[in-house]
Structures are given as C-alpha cells and as structure tokens.
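Scroll down for the structure; my scribbles are underneath it.
Note that the chains take the letters A, B, C and D in the order they are written out, and that residue 1 is the start of every chain.
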Amino acid sequence: MRPRGGVQWTLFGLFLVALVPVVGERYYVDLTTQILIYALFALSLNILVGYCGNLSFGHAAFFAIGGYACVILTTTYEVTLIISLGLSVLISAVAAAAIGYVCVRLAAMHFAMLTLAFSMLVWSIAIKWTPVTGGDDGFVGATLPDLISNPVSFFYFALLIFSTGLILLRVICTSTFGRAMIAIRENETRATFMGMDVRKIRLQAFTIAGAFAGLAGALLGLYNRGMYPESAFWTESGQVLIMVLLGGMHSFIGPVLGAAALYILETMINQYTEYWQIVLGVILLGVVLIAPDGLAGLLSGFRKRKDDSVTGVDSE
Amino acid sequence: MFGIYSKARRVFALEIIALVMGLGLFSAPSMSADTIKIGVLLPTSGGGASYGIPAENGIKLAINEINQAGGVNGKMLEYFIRDTKLKPAVASAAARELITKEGVHVLVGAVSSGVTLAMSEVAKQEKIILFAPISKSIALTESKFHKYMFQSSANTNIEGRVMAGVMKKVEAGKICATGYDYAYSHDFFASLESNLEEGMAIVDTFYVKLGTKDYNALISQLMGSDCDTVAGLIWGGGFVSMVKQANPFGLFDQKKFVWGAEVGSHEMSNSLKGDYPEGMWANSYDLWYSPLSDAHQAFLDDLAELEGQKETNMYPVTTYNAVKFLAKAIEISGGTDSDALVTALEGMAMETPLGPMTIDPETHRTETGEFWGPMKKIEGSDVLRMSPAEYVY
Amino acid sequence: MILNVENTSRSFSGFLALDNVNLQVAEGEMHALIGPNGAGKTTLFNVISGLISADTGTVSFKDRELSRMKPHQIVEVGIARSFQRVNVFPRNTAFENVQVAFIARNREHFKIFAAAYGKYTQEIMELLILVGMADDASTPAGELAHGKQKQLELAVALAANPALLLLDEPTAGMSIAETMSSIELIRDIVKGRNLTLLFTEHDMTVVFEIADRVSVLHHGQIIATGDGETVRNDPEVRRVYLGTEESES
Amino acid sequence: MFIQLMNSLALGMNLFIIAVGLTLIFGVLRVINFAHGSFFMIGAYVLYSVVKRTGDTALGFWGGIVVAMLVLGFIAWLVERFLLRRLYDKEHLLQLVFTFALVLIVGDLVKIIWGPLQHSISYPPGFGGATDLGISRYPTYMLFLILSGPVIAVSLWLILEKTRWGRIIRAARLDRQMLSALGVNVKAVYSAVFVAGAMLAGLGGALAAPRLAVEPGMDALIIIDCFIVVIVGGLGSLWGSFFGAIILGVATIFGTLIFGEWEIVIVYILMVAVLLWRPWGLLGRIEEDRH
C-alpha cells in the first residue's frame, strides 16, 4: 500500500466532515457523530479481519469493555475525561491481550467461535454485575464535562478522537508490522519461514484492534451518556463485521465507508418502513452476491483477482 | 517511486463524502406543514413485535380521533414511529433522530424499561417530553427522574400493592415469587412484600434469566417449595413456554397462582387456549369483553374497527391514553413548548376509557389500574376469560 | 558439520515417512538429497525447518538442538527454506515479497511505528538484481512466470541471511534452459556468499553437475551418501533407480 | 435429583435435535449457518399452521412435522441452489453475512405471514400427561424427546457409516478435491447436505414447538444455544454435538439450581473453559483450516 497516496484526500475528507456543523443541521451533526464512532469501531476490526486475516466474531466485547470502563470511570469514580479515555483504552487492550492470548492459538472458524464465546461471556458479566455496570438496564446517566456536552462540541471531540485513531491506525497499517500482518493474511506458512512469530504478531494485532475498539466504545458511552449490555452481544459483532464487508476488506478506508453506509441505511429504512429487516437483508444479499468487494471495490472499480492461489500451503 | 508497491485500492475521500451526502440527502427532513408531531418508539421487530405492533394501534386510534375532531388548536397530529429493536443504543439514536430531523414535539415509548431509560437520557438532554405508557420501572420516575419524564404505566409500586390485595383475596399464605431476573421483577416483589398483610410472606424467590426457553429447573423448584401460592411475573412468550412445560407436571393443580405481567390478556389466553391454567389469577391492561363504561365500550368499538377484529388487543389503551394526555396538554398550553407542556401535564386530570386518571405533579406518575381476576373456562369456547374481572389500582 | 540429523524417524498414521535417518551436511558444501517420489525428502525438510516434529532423533545446527524450536526460531538461527510448490504472496509485488523477508530478518515485524514504505529498497533491489529479477520488482508475484516465482522464492530465502539454505526442488516445473541457468545462479550465489546448501532435485544431471555430496533417501531411509561418483556406483542406489524394484510409482 | 437429571437430558436432547443440522452443514460445507435458528422457527410455524387446520389430532401433529420438514427442505434447496452455491469458494465472512441476511429476511417474513403475536401448539394426543417411571412421574412428551435424541443420533450415524451417501458425505468432510476427482457430483452432495441440515432444523423446531411459545424472535433465542452446543462438542462432529447438548442441558438445569440467576454466566464460563482445554471442542478434529 502506498502510504502517501490518499493522505491529502483523507485530510481533505476530514476537513469536509469538519464542516458538517457549519453547513448542516443538527440532525446531520448527530448522524455524523454516530457514524464516526462506528467507523472507528469498524476500522479497528479491519486490522484483524482485513489486514491480519483473522475473522473475529466477538469484537464487540472490547467495544463494550471500553465503553463501560469510560462511563464508569467518569461517572462513578469522577475521573477526568482524558484519563478515563486513556484508561478505558488501556483496559480494553489488556482484556484483548488476555483473551487474544488464548484465541490466537486457533485458526479460521475456530478462532471466530472462541472470540464469540468470550464476547458472550463479557455480555453476561455486563448483565449480571449490576452494582458496577447497571445490569440489564445498562449504565444510564453518565456525566460529561461541560466542554463537550453540547452536540456540536461533542462532534468536534469525536472527530478529533476519530482522526487521531484514523491516523494512528494508518501509521500502524503502513508500518513494518502492517506488512507482517498482510504477509500472514496472504500466506501464514511463508511468513513463518521468513522468521516471523505468527502467533505473537496475531496477538499484537488482536490487542491493537481491541484497544481501538475500546476507544470507539468509550466514545459511544460518552455520546449516549450510558452503556448497555447489547453493545457486547453477538449481533453487535455481526453488525460491525457487516460494516467491514460492506465497505470492503483489504482497503484501509473501506470500513469507514461501510460504517457510514450501513448506519445511514439502517436509520433510513427504519424511517420508511417497519419491515427494515427484509429490506436490509435483501441489500446484504445483493452485496454478498454481486459486490463482494464492498463499496471500496465498487468505487475504485477494482476487481480483486481470484485468490485461489493465496492458500498454497505446502505439504507432502 | 516506480510502482514497486502493489496497487492498494484507492478510494477517494471525495467519493466517500459524495456517498455519505447522497445517502444523507435521501433522508432529508420531511418538512410536512404545520402539524404537531409525535415521535413514537416501539419494538416492531423480533421478540418485541408482539408488544410494539398492537401498541402502535392505540397511537393511530387516538390521532385519528383527534384529527377527525379538528385537531388540537387547529393543528393536525402526526406520528413518526421507529423500531427500537429492543436495544437501548438504537432507541436513543432513533429518539435523537426523531427530535432533530423530524422535529417531533413529544416522545412516546417504549416497552422495555432499559430502552426507555436510555431514551429518557435523550429526552433530558434535548428537553423534550418522554411519555412512557408501558415501561413499568420505577427508576424512570425515581432515581433517574427528570422534569421531562412522565410515566402513565401501572408502575411496580402500584402493581405490587394491587397484587398484595389479590393475595389477600385468595388467602395466599406462604408465597413463592418468580420472575425474570431484572429490575422490573426485583422492584415489583419489593413492593409486593411491603404491602402484604399480616400472616402472608414471600418465603422463596426464584429468578430466571430473561429469554429463558426451558423452565424445568424453575418448575422443579416451585414444586419443591412448600409455599401455598405462586406470585409470577414471567411474561409474553416465556409465560406460554412456562405453562406448556409445567402442565404435564401438574404444577397448576398443586398451588394457587397469582400472575402479574398482563398474562390475563385476551391475546395470551387466545394463544394458550385450553392449555391455560384455569383458576389462575391474572391481570391485563384492557379486556375487550369487560367494558367498564359506555366510554370504554365506545373505545373498544373504535379499536375493533381499526384492528379489524372484535377481540381487540390490550396494549392500545395505554398508548391511546398517552396521546390523549399529550394532546390535552398541547391544547391547554397553546403550543408545543416543552416547559409549558410540563406545567400543563403536572396535575392534569383526564377522563379515559378506563375512568379518570390524574398525573401527580410531584412524581409525574398516574394511578393506573389494571383488570384483575381469575381465569375461567366459558361455554362454547376454548379461550379462557377473566371472570369476574375487576379494574383495580 | 553444520547440520547434523541423527536417528530421526517420523510416521504419519502408521506410515513410516522417515526411518532412522542420519544425515550430515558440512559447512560450505552443496548437498543434494535425492530419491524417488514419496521417499520422504520433503518430510525431512519439514522436520529440519520445524514445520513438523520428529517422533524420535535429534536435529542440530551448528551444535544447537533444533527439535524444540519453533519454525521462526529456526529461521533466526540461520536456516532458510523454499518450498516445492511455489509459495509466495501472490497479490504483493516481487519487491514487497522480499521486503517482508527483510522486515522479518531485522525483527521489525513487531514495530508498529516504523514505516515500511521505502524500507530496504537498496538491499531488496540488490537481491532482485542478484537473482535476475530487476525488471520484475513491480510485478505482482502471482503474475510472474513460474520460473521467476521460483527465483523470487530464492530471493526471499536469501533475504533471511541464512547460513544454511534448504531448497526443495528449486527447478521443479522449469524448462531445460531455465533449469540450467537457474542452477548456475544458485551455485554462484551459494559459493559467492559462502552458504551451505541442502537441496532436493529430481533432475540427475543437475545433481551430479553441482552437488559436492549426494544423499539418497528411499522409503524413509538414507541408503547412500557420498560424492557423485560413489553414489552413482552404489549397487543399492542402482537397484532403486534402475527399476529392479517396482516401487518407483 | 432424578427429575433434574431427566430435565437436563430432555433439554439436552431437544437442543441436540435442533443443533445437529448445524454441525452437519458445517462439517461438509464449512459454512456457519446463522439462519439455522430461522429454519428452526419456520419449522415451528409450519407445524402451527398445519395443526391449526387439522385440530389437535395425532395425524395433524405428526403429519405436520413431516410437512414442516418438507417445506424447509424445499426452501433450503432453493437457497442453496440459487444463492449459497456461489459463495463456497469465497471468504468465510461473505458466507456469514449471507446467512445473517437470511436471518433478517426470514424474521420479517414470519412476522408478515403469521403476525406478531405468540402462538402455541398443544402436545400431540397421548403425550400431554405424565408417565409413571416407578421412581417418579415424568412428562410423557419429554420422555419422548429423551428417547428421540439418541434415535436420531444413531440413525444419522448409521446413515453416515453404512450407506453409500454417508460415505460420500464423510469423504466430503475430509477432502473435497479428492471427491470430485473420484467423479462424485460434489455440488449435489453439498445441496443434499444443506437440505438435510435445514430439514433437521425444521424437525427440531417442530418437536420443540409444543413446549415453547411460537413467536417472532424465537430464532435469535435458539441460535446461541445451538452455537454453544456445536462449539463445545466440536464443529462438524455428530457425537460431539450429542454430548455438547447434554453438557449444556446439565449446565443450564444445575446451573440454575445451584447458582440461580448467575446461570447465564456459568454457561459461558463453561464454554470458554472447554475451549481452553480442547480448542477444537470435545470431539472436534484438529485441523489447519486456513482460509
């Protein structure tokens, strides 16, 4: 990937997004804030899925951990915002490292299923640990510093966090570590015989992905002034996977597109019909069958070559 | 450089922006003319559909009625419904969208208390009234109370008290309590316990997780307890499953049963038919076969016409009343300013199909009752009915 | 001896793929491992490189025991390998294929803030020039001709800076002309860089042309080791290769 | 205690009947089918429609189960033949999203066809009461479930072990390429397995229906349990899911009795623990399934 190609465009894009509160109504400010949060979440997952080739089905666990950590810290313990944010990222990263340590021993579907198991464990704990998490009703009524308590200032706050996340993730993806992840995705055996400790690299990717998911979760918790167990449920992991798919894996910016498209789509269909499920379902079928490279693939008109040869694992 | 790097798929930020804007414009605010807009948040898909879809009928009926009578202060009412998907985060986002995009003046909803609590945060921030006709959690108007929150449901305080009255009637003796493991059941039983008469007590409490499908463990626990009466709060499909699984064990012949959570509704007895445990005391928001007054009968007739069936659902009356309260407040205050509406709603008394209701100016709650009575088989039908049904609060 | 395989056996669900193998490779030599299909050559490579573990026996490299090491640790101590079937990153360019190998060699695969762009350009281009692929740097590996992909694999293996190179059928699927030029290239590189080479090869002309020593593997056993002449005249080897036994299939 | 053991078995066998189709499909097609819960739901609803027409007769109930299976077989055939087939050589993620899309579509279709309210199906005639087992009386229908679990498991095992089709399916689990090299119509095998898996889901839905509320959302409730069963048992393993189901049954019943409402956490801890101990599940095959 060329790190320079598109930097100007990305900056320009962020600049345009920054104009939303200036030109758009309040609704668009809210909508964009929500999209930014989910876009960051999707970007973090794409580290694992798109770059490292690990299909995680429990990524929401870290989203929820970050979110709960942040609202609990700011509200229950009255920790200042910046420290809460930092700590929630740290907590998600530690959780991801611990869970990842176990999960990266497995490959493909077994990996996906174990991550699913862990995320459901996190979900059940969020529901049952009522004194801390608020239990089934969720943690309602988080406090926010005045500085970011109005929609526009929160929007810029979210945009700042998102941009930082985007740039950091971009740096990580174009780093030597990023190259190593791609190598593992393309051909794990070959990467091993280049001298890479594949498990450790996968664990590092898992931890980084978890940390950024936690950051996105923290933003969501602040935005909603609360965190709910649903954010750890398997459907949330499914939704963010769909975002990644919709936007296009193997593309850095694709998940941002996917998050925007899915979020807007869901909101829109809900506005027009009670039968949003059927409409969304048909659209997803269409994407999967007609445009499996997602929006990024469609937009750039780039057809991925058949990747039959990618798997070439040498054996006897 | 000279192309030594594989071609990353380049997506131009501009294209992203174009796409987002394009999709965004699609959903440009619907600027319908000068109407009063009500934002409605109900679960209309998945497991929540059985509550949300009937509840929407009450909104429709109230709005039709008001508009046919010329609207409020000359303005027509209009409602915008969003599916909460039973998810708090989805509901808060939808509530915000209704306020900022559709420009709704008031919010009505939702069903599950967790979802309503999340929406209440939005209402608080946006200074828009949230009227909760179904959610029973007392937290809405207690620990998480704020000025713009109103609750017209039969809340857990009232319900616990009313059930205590029923317990007296059935001479309950030792009681074991069972319900889903969440705030509603916990609050309800706390209220029940504090209202029980001398000589009655809750001796065992068994909680099961929300969404349980297999009730065998619970059934054994209930059969093993030496209580005389079971106080139950398992609702909806869970109640159906529980009853179906308990019948072969003969559980319902063993003890007396008093069941809250509106399992006395016609919908429930119609779905269980002959499998419904006869003699169980149950409750319901509304009963199509048990009109309280001419006004109630008129309401039921109108609803029957709207739903296309004589056996109407129980949920519509709750949302119907909510819309009526709000419309009256708008009429009195002469506009849609939230603070003026709050002032109008506080202490407001209104004639509803179920009799007079008053909003307490302090607590923002109403004294809402429910129909209570034992479920009996009737001639010529396999659907049980509450008989005699009494409206109590 | 730089590589010492002692009494190594490995079976796959009852089938004995390696049967008490002993093999010594001296520093600086070019050692060919030959034998009919299914003789266990690739299995032996896999055991040495750590992809699979042996049931019994030891493998040591520069007097270090390899059996408990993971594949990537074995690469670190100085053994690089190629694969019989082409095994590159098909969607990445030749340049990138080699670059990843450099990153791994310099233990930079954990560095999240070290930009990969432009890294090792000079070293990579030198290597590509060395294997005769200077013009193919920007071609995705999957689009290269088969012979070129084999050469790319060689470059990738070299990038790890090994002391011992394990090449599994380096000329498989090549034309005669390609085979000759490629084998000369390998010889030049190995001699020029003072490497040790252990390779398997089906083309006997090639084997006897370049190998200093040859070992013959048959039914999982080493049946002969020695210089070309010795092995060629070994009665057991002649029996195996000249078909007095029907196990050739 | 005896009753609780029976309860665990009944729940376990009920789950096994539902989940076995999921593991069968994964074993051969390598697809995690999220729509399995939807197939289960359709099975229950179709049975409801049949019983509603026939009344509570034995023929209506047992015939309805056959109808439910046939309907699902047909739906699954359509889905496999015209849609899923295009995705076998694609990434896992596409297949997951595909089945997830089916979940959404079926969820709405069921609501449109059968309405949002709960329905209920009575026990078939003769199965509504309890049977005296000497030690205690126990619901007849649950005894029937306890017995039908092993019967289904053994018949599937016999089909897999003893018939030509079974041999082909087992071979397809191990090596697809080899199979097509041997001249077997692999496409037809896949089709058949998907149809069979869906029919088993329908059977599971229909058999479970008398004990459950038939309502929208029942798909989402069951799918997680199915996943736990097949993951704990080992993806693709018939007997694995059999024992996985029994373990989940025991964990759920005794978890509730011992830990009360904390049972929900216990079940997931157990699942994680099994996977830590045996990453491929109890009877799963260790495999290098890179994609």
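Heads up, the rule we're going with is that a contact is a pair of C-beta atoms (placed from the backbone, for glycine too) under 8 Å apart; a residue touches a chain by one contact, two chains touch by 3 or more.
Keep in mind that what you see is a predicted model, and the values were worked out from it rather than measured.
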{"item": "Farthest-lying chain, centroid of Cα atoms versus that of chain B", "value": "C"}
{"item": "Most central chain, judged by mean C-alpha position against the global CA mean", "value": "A"}
{"item": "Length of the line joining the C-alpha centres of chain A and chain D, rounded to whole Å", "value": "31"}
{"item": "Whole-Å gap separating chain C and chain D, where each centre is the average of the chain's CA atoms", "value": "49"}
{"item": "Averaged-CA centre spacing for the pair chain C and chain B, given as whole angstrom", "value": "72"}
{"item": "Interface hub residues of chain B, defined as touching at least two other chains", "value": "5-6, 44-45, 53, 181"}
{"item": "Multi-chain contact sites of chain A, meaning residues that touch two or more partners", "value": "2, 277, 313"}
{"item": "Residues of chain C engaged with two or more neighbouring chains", "value": "91-92, 96, 117"}
{"item": "For the chain D and chain B complex, residues of the former touching the latter", "value": "3-4, 7, 10-11, 14, 107-108, 111, 116-120, 122-123, 128-130, 139-142, 210-213, 215-218, 220-222, 225, 252-254, 256-257, 260-261, 263-264"}
{"item": "Touch list for chain B against partner chain A, complex", "value": "5-17, 19-20, 23-24, 26-27, 29, 44-45, 53, 80-83, 87-89, 92-94, 96-97, 100-101, 113-114, 117-118, 120-121, 125, 137, 139, 144, 181-183, 210"}
{"item": "Chain A partner contacts - residues on chain D that touch it in the complex", "value": "26, 30, 32, 34, 83, 86-87, 89-94, 96-98, 100-105, 107-109, 111-112, 220, 224, 227-228, 231, 235, 261-262, 264-265, 267-269, 271-272, 275-276, 279-280, 284, 288-291"}
{"item": "Residues of chain B touching chain D in the complex", "value": "44-50, 52-54, 181, 206-209, 211, 213-214, 216-218, 220-221, 236-241, 244-245, 247-250, 267-268, 271-275"}
{"item": "Touching residues (chain side chain A, partner chain B) in the complex", "value": "1-2, 5-6, 9-10, 12-14, 16-17, 25-28, 30-31, 34-35, 135-138, 140-141, 220, 224-226, 228, 230-231, 248, 250-254, 256-257, 260-261, 264-265, 267-268, 270-271, 274, 276-277, 293, 295-297, 299-300, 302"}
